[in-house]
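Some structures to go through are shown next.
Both complexes below contain chain A, partnered by chain B and then by chain C.
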Partner chain A sequence: MYWLEKNQLEQLVKKLAKDYRIFGPRRDEVSGEVIFDWLENLSDLDLQASIPYNPPKFILFPHFEEILKYRYDHRSKKAVIERINLLEPKALVGIRACDLTGLLCLDRFFLGQEFVDEVYLEHRKKLFIISNTCVRPFPQCFCVCTDSGPGAKEGYDLDLTFTGEGYIVNCGSKKGQKLAEELGLKEAGPEASELRQKIIDDSISSFDRFALENKAWISRATNRLTTGFIKPEVWEYIGNQCFECGACSFVCPTCSCFNIEDVNSKTGDTYRVRTWDSCSFEGYTKMAGDHNPRKPVEDRRNKRFFCKLSYSQSKKYLRPGCVGCGRCARVCPGDIGLPNVVTYIRREITEG
Partner chain B sequence: MPYLRGLCNFCGTGCGHFLRVENNRVRGVYPLPGHPLSKGRLCVRGWHIHELLQTEERITQPQIKYGDRFKRVSLEEAISFVAEKLKSISGQEIAFLGSPRASNEDNYLFGKFARAVMKSNNLSLSSDAGQEESAITLLQGAGWPAMLGSMERLRQADFILVVGGDLTKQNPIIASEIHYAHRAGAELVTISARKTQMAKLSQIHLRPEPGTASRLLEAMAKVLVDEGRIAADFISRYTEGSEKFLKYLESLSLQEIAHLTGVEIELIRTVALKMAEAESAYAFYATGIQSLDHRTMAALFNLYLLAGKLGRPDCGINPVTGISNLLGSYDMGVSPAFLPGYFSVEDKAAWKRLEEHWQIKLNPIPGKSVSACLSDDSSCRVLFVVDHDEEIIRNVKKIKELDLVVYFGAYENAFARLANVIFPLTTYVESDGTYTNCERRVQLSQKKVEPPAESRPLWEILTLMAKALGHNWTYRSAEEVMTEINRVVPQYAGITYGKLRTGWGLKWPCDEQHPSGTDSLLAEEMSRRFCFILNQDEKLAFLPRLQEKDQYPLKLVVGRSNYFWHQNSIMKKTFIPKREYNALLLLYPKGFVEISEEEARRLGLREKQQVRVVSEAAEIKLAVRISPDILPGMLYIPYFIDEMIPEFLHRQVADLEKNEEFFLPVRLEKVE
Partner chain C sequence: MERPLVPIVTVPEIATVVEIREEIDEVKTFYFTFDNPEIEQAFRIRSGQFIMCTVFGAGEFAVSLPFSPENDRKHISVRRVGKVTAALHQLEPGDKIGIRGPFGNGFPFEEIKGKNVIYVAGGIGLIPLRSSIVHVLQHRKDFGRVVLVYGARTSKDLMYKNSIKEWKATENFETHFTIDRPEPGWTGEVGFVNQLVARLDLPVENTVAFVCGPPVMFNSVIKELKLKGIKEQDIYSTLERHMKCGIGKCQHCAIGRTLVCVDGPVYTYKQIKTLGEQI
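This part shows the complex of A and B:
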């Protein structure tokens, strides 16, 4: 462990910027809201800013991405396929614990199964991750309910915890260790580790005061979702409020569904494009001949929460699919973010 | 490039978003949390606008058609070609079809080009009927042509009434605000014949028979009178015409209306009283593509006026526009009825004022809408069209016969193929421009990516063309056009790019008295009184047709509302929304008629079975779609199947497409 003085942060980021494109939280100048973004201007980095409105998912799994290019030659009847070279290495500076947990879920989906997603892998292996402990929860947070914060447990190269004066630095990889050494950071003893734990404990105990927007006691809901004992009327009530916009999937740090489209360009090349997709859309599960296993909107809602919270699905992620960031509640036109859905499920349990 | 702040250009909500730009292409979108209306939400369309903005299906070259083939030409060539032809064209011979998606600056100069350069007042939009009706009705009643209330106080409302089409599909984020207000405690009531999602979200859903919504609202007004719940002080202080209106209400019978509408008296009474009791009450209806008829709008207005729910900061009637800049296009006078700033075309002084501003002699003889110019055997020879975004083009035969059709557009469109000359436009992210959402909020969309080499904003092309015709137009930027709008359009007097760059837009009227815009219409600030709108009697004769039950027992409603975006050409340039919207079209390639489960059972019809819909004048073959959203006795045909228009709807189309209150008596026959 190391100490990082406040003024050394700039040094760290500048050094990192020599080899990586820097992404981190910045404030929009008009709204004052925080967005995780490519920092053209490194001084825009704001580690004290609240949890960004968007998760850093788009950096590894973009909203819209050309993943390969091909051209079909009619005379030789051959298709020439070209791999698209991906961008330079990227560093995520100041990722919150919930979002890092989300990223690890994406890893398990894209890399941890029978087929490895090469495009994701390309993004992923060139990544440098610096996590940032939430010393105080934000209004929408419920990571304590989903075991994904407020401090990061794994998956980072460096982890920062703000003490009020400087940062406690935890190294999570050789890459991270190397950077800390190169910067000549001051080594910290076991007191740093204790202090970090105390900061995290204080943060957890302050959820009652600061994190007032959402609560989601998910364990009972998980039980109910896994066994399938939720009444259809509950899903119908939720489904009626769904505007079918897809936002919950798009803002979710763990949602990984995508669509593939081949786009013919005017030059004669065809681009294969990958875009975000959502299980809330009717066309998502539609099959030939007007068959749709999940046609009514409530079936589609039901599917999403099964994916986030059921035991069988959690086995794939090695944890629940929800990381407690509260974003789905903020972007939902129908006010049926995950915390509300959990409440409706639990309400049904208590009401019998 | 990082995420850049901007605004969505699909519907009239005008949500805030971030666009992610990479190598000069828009690669992603994200909702903008601080936006005062959208508050960090987007709908399915908004979440995919980047798919449209990076499409390959762009118009990128000026082209002139010689014979059957388009030849690429330079911008100068295209302009001098058109200018040469225009020299021998009179104002009566040319018509201008504007775009409700174009910016205020583009619309303003489009109108000025028509009126000042070509001396033509044949100027309109394609989806305008309902918006024009709404503006006229509200001007008549309140002297203010758009949203009377504010969206910003809606979540504190006690009562919200939604009349007509489905806002959850047309303006999902407005509907979301209504839903949130409801969740916070507002009573939510929907009036619509169809069981829409808005209706499902409401506590009370009133389902009047098609064509009777206005009577239902009048009945509510009568209840207020009968129960002594009218706002007598407010009425005597701020309104005129109440005596006549009250007298009209006396002539109504609640029993009769209950019978006619199919809504029970007790329910009518409950809703009317809830509204009267509410401290803060709002009403919503959609304009443009799914509007109400004048009579229903007037009845709604009179009801709220009688209850004193207008002219206060926490009340209002809020018309909602379906397309991004539909309201702004009207503000700029792209209409046969209004000059810029809602001066009537009948107003001589207004013409004089405009002549002084523009320093040119104008032709004060009112023009016609473009559809009137094209459907009549009129003298129209030339047509200018901007960014047509519907797949359906009316009057194709007449358009083909014109001497010259000039199309200005950013995206490929069937209309462009009918053109003789095509000009490539920039998209809303490739040039600066302001757009006015349904709240009257004028917002600035700033340039974020470089346009294709030959594409230009509309104002720039029109400036060059005016110059080629000998007019001294000198605009060098959209901002300069806005400084002229400040002088010509009184509501926009105080709207500057400087203010717009650093804020969330300004709600007009924005002038010396209201330098930071106006939230809602306040009675004490009005220079005139509210008026009860009293032209009910004329259409009474229309109602007995409802009783024609023998030969044509079913009421056919033709709607665009639920399916408008299906037939939208820009929607078809996306991936995910295209997939979602196409699903339905693929299932019913030749169109469908929606019918209730009860009716289907009664007639022995099953899903996708072919039927003949027979009216007095014509018939059409369609597939049955059984829908839980339809009342028995009612049929619904979405207005998006091309052939329906010439084959079946004939001349009724003008009335039918205006709003879903019109219906056609028909019968269904099985196809053996």
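This part shows the complex of A and C:
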């Protein structure tokens, strides 16, 4: 463990910026929102800001990404396919524990299972991660219920905890250790570890009561979702509130469904583009010929929450798919963010 | 023995369409060879698997493989149904396509040696079954009774007329064909496939059944097979879904807790029943 003085932070980021493109939380001047974004101007980095409204998943899994380029000449019948590889090393500075947990879920999903997703792997290989202990939870936050915060446990190169005067630095990898040494950071004793724990405990106590109460109910909901014992009426009730806007999927740190389209450009090249998709859209499962096996909206909602909480899906992530960031509750124009869905399931359990 | 299967995962391999055959209305068969001789040599499939086929400039679609893993010309049979398949139907011999795969689990083969095999197909449901039929016939002595029950709306809608002719003349292969309504000159059966299945003397013990066709046909055939005493875990089918990646990442083909592209597309009826979604 090391100490990082407040004024050393700039030095750290500048040093990183020599080798990496820096991403981090900054406050958007127009909207006033905190967003996790590319920091064109390194001094925009704001580690004391509240949780960003978007998770950093777009850095590894962009909204739109050209994965292939090809050209086909119908006359000469010649096809040329090129792989697109313009990936640069990227550093995530100040990622929250919830978002880091989400990123680890994506790792296990994209890099594990039967096949490795080569596109994701390219992004992931050249990544430097600096996590930041969350001391300012949103009212919607419930990472304490999903074991994903407020302090990071794994997956970082460096982990920062703000003490008010400076940062406690934890190294999580050789890469991180090397950077700390190169910066000549002052070593910290066991008191730093205790202090970090105290800061985390204080943060937990500042969570909204609903989050602390919800803890046991999430595992009950997991059980119900996995065994399929939730009544169709509950899904209908949830489905009736769904606007099918897909916002929950887009702000979710672990949602990773994508669509692939071949887009023809004016130059004659075609780009194979992979874009974010959401299981809330009706066209998501629609096949050629218009047959749609999953038509009613409640079927689609059922699928999303199955993905976030069921035990079967947890086996892919090695943890629940929900990381408790609360963003779905924040953006949902209906009232079916994940905590509320847990509440509806809970109501069914208690009221029968 | 068979080479290990190394699927083409991300970048499609270019292949040439060498021959195109009109099968039935709106369905064409495209024979292809890979441009890279190494891939042409190394490309191995299991029956029941599928590939992702790129039509340059239009997109990519998932399609089941009708050819046998051994000694059979590589081809796909595709009905013109959406934007990409319409573009495929525009192609001429010599045109290029892109291939990724093969993906998916495939029909059991080694596991069912020594058993009786019943194939029941409706319409273009014969396409994915053809691979397994040809493969089993190539190893005929390893299996018990082998039966094909195939039905289509009219005699014109029967797929693979050349193969059918061959199969009718194959010894130890019981074939039954049916069309929905009587037609002049038709010597086969008349009626729906499930009715024919009900009438036939089919093996039951030590038997597996492969069923493929439209959902209505599928459900009614399953009912008849079960009435005869064939167990749900011995009835296999192959499912189709909207697919984008083929490698279990895009999640479009999720049914219940499984992904059709990696856990399927072949499921037993016992599994299908527990998936909790319509087929």
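Basically, the second predicted complex is superposed on the first by the 333 of 352 C-alpha atoms of A that agree within 3 Å, B and C clash if a C-alpha of one lies under 4 Å from a C-alpha of the other, contacts with A are read in each partner's own complex, and residues count from 1 in each chain.
Everything that follows uses one rule, which is that contacts are C-beta pairs under 8 Å (C-beta built on N, C-alpha and C of every residue); 3 or more make two chains touch, one makes a residue touch a chain.
Keep in mind that what you see is a predicted model, and the values were worked out from it rather than measured.
Asks: Identify whether chain B and chain C fit side by side or clash on chain A in the overlaid structures.
Replies: After superposition on chain A, chain B vs chain C: fit, no clash.
Asks: Under the stated touch criterion, which partner chain does A:139 make contact with: chain B (first), chain C (second), both, or neither?
Replies: neither
Asks: Thinking of the overlay built on chain A, is A:232 touched by chain B (first), by chain C (second), by both, or by neither?
Replies: Once the two structures are laid over each other on A, A:232 reaches no partner at all.
Asks: Taking the superposition on A as described, I'd like to know which of chain B and chain C A:277 touches: first, second, both or neither.
Replies: A:277: touches chain B and chain C.
Asks: So, A:294: does it touch chain B (first), chain C (second), both, or neither?
Replies: Second partner only.
Asks: Using the touch definition from the top, say if A:285 reaches chain B (first), chain C (second), both or neither.
Replies: After superposing on A, A:285 lies in contact with chain C but is clear of chain B.
Asks: Using the superposition on chain A described above, determine whether A:264 touches chain B (first), chain C (second), both, or neither.
Replies: In the superposition, A:264 contacts both chain B and chain C.
Asks: Taking CA centres after the superposition, what's the angle at chain A between the directions to chain B and chain C, given in steps of 10 degrees?
Replies: 80
Asks: I want to verify one number: the closest Cα approach of chain B to chain C after the superposition, in Å.
Replies: Least C-alpha distance: 8 Å.
Asks: Residues on chain A in contact with chain B in one complex and with chain C in the other?
Replies: Correct list for chain A: 259, 261, 264, 277, 286.
Asks: Any idea which chain B residues touch chain A in the complex?
Replies: Per the touch definition, chain B meets chain A at residues 1-3, 5, 16, 18, 20, 27-35, 40-44, 46-47, 50-51, 54, 56, 168, 172-173, 175-176, 179-180, 183, 197, 200-201, 502-504, 575-576, 579-580, 582-583, 587.
Asks: Which residues of chain A touch chain C in the complex?
Replies: Counting only chain A, the residues touching chain C are 67-68, 70, 72, 74, 77-79, 81, 83, 109-110, 113-119, 228, 256-262, 264, 270, 272, 277, 279, 284-289, 293-294, 299, 303, 306-307, 310, 312-313.
Asks: What residues of chain A sit close enough to touch chain B in their complex?
Replies: It comes out as residues 28, 30-33, 35, 37-40, 53-54, 58, 62-65, 240-241, 243-247, 250, 259, 261, 263-266, 273, 275, 277, 281-283, 286, 290, 330-335.
Asks: Considering the complex alone, what residue numbers of chain C touch chain A?
Replies: 9-12, 14, 16, 54, 56-61, 81-85, 94-96, 98, 240-242, 244-245, 247-252, 254-255, 257, 262, 276-279
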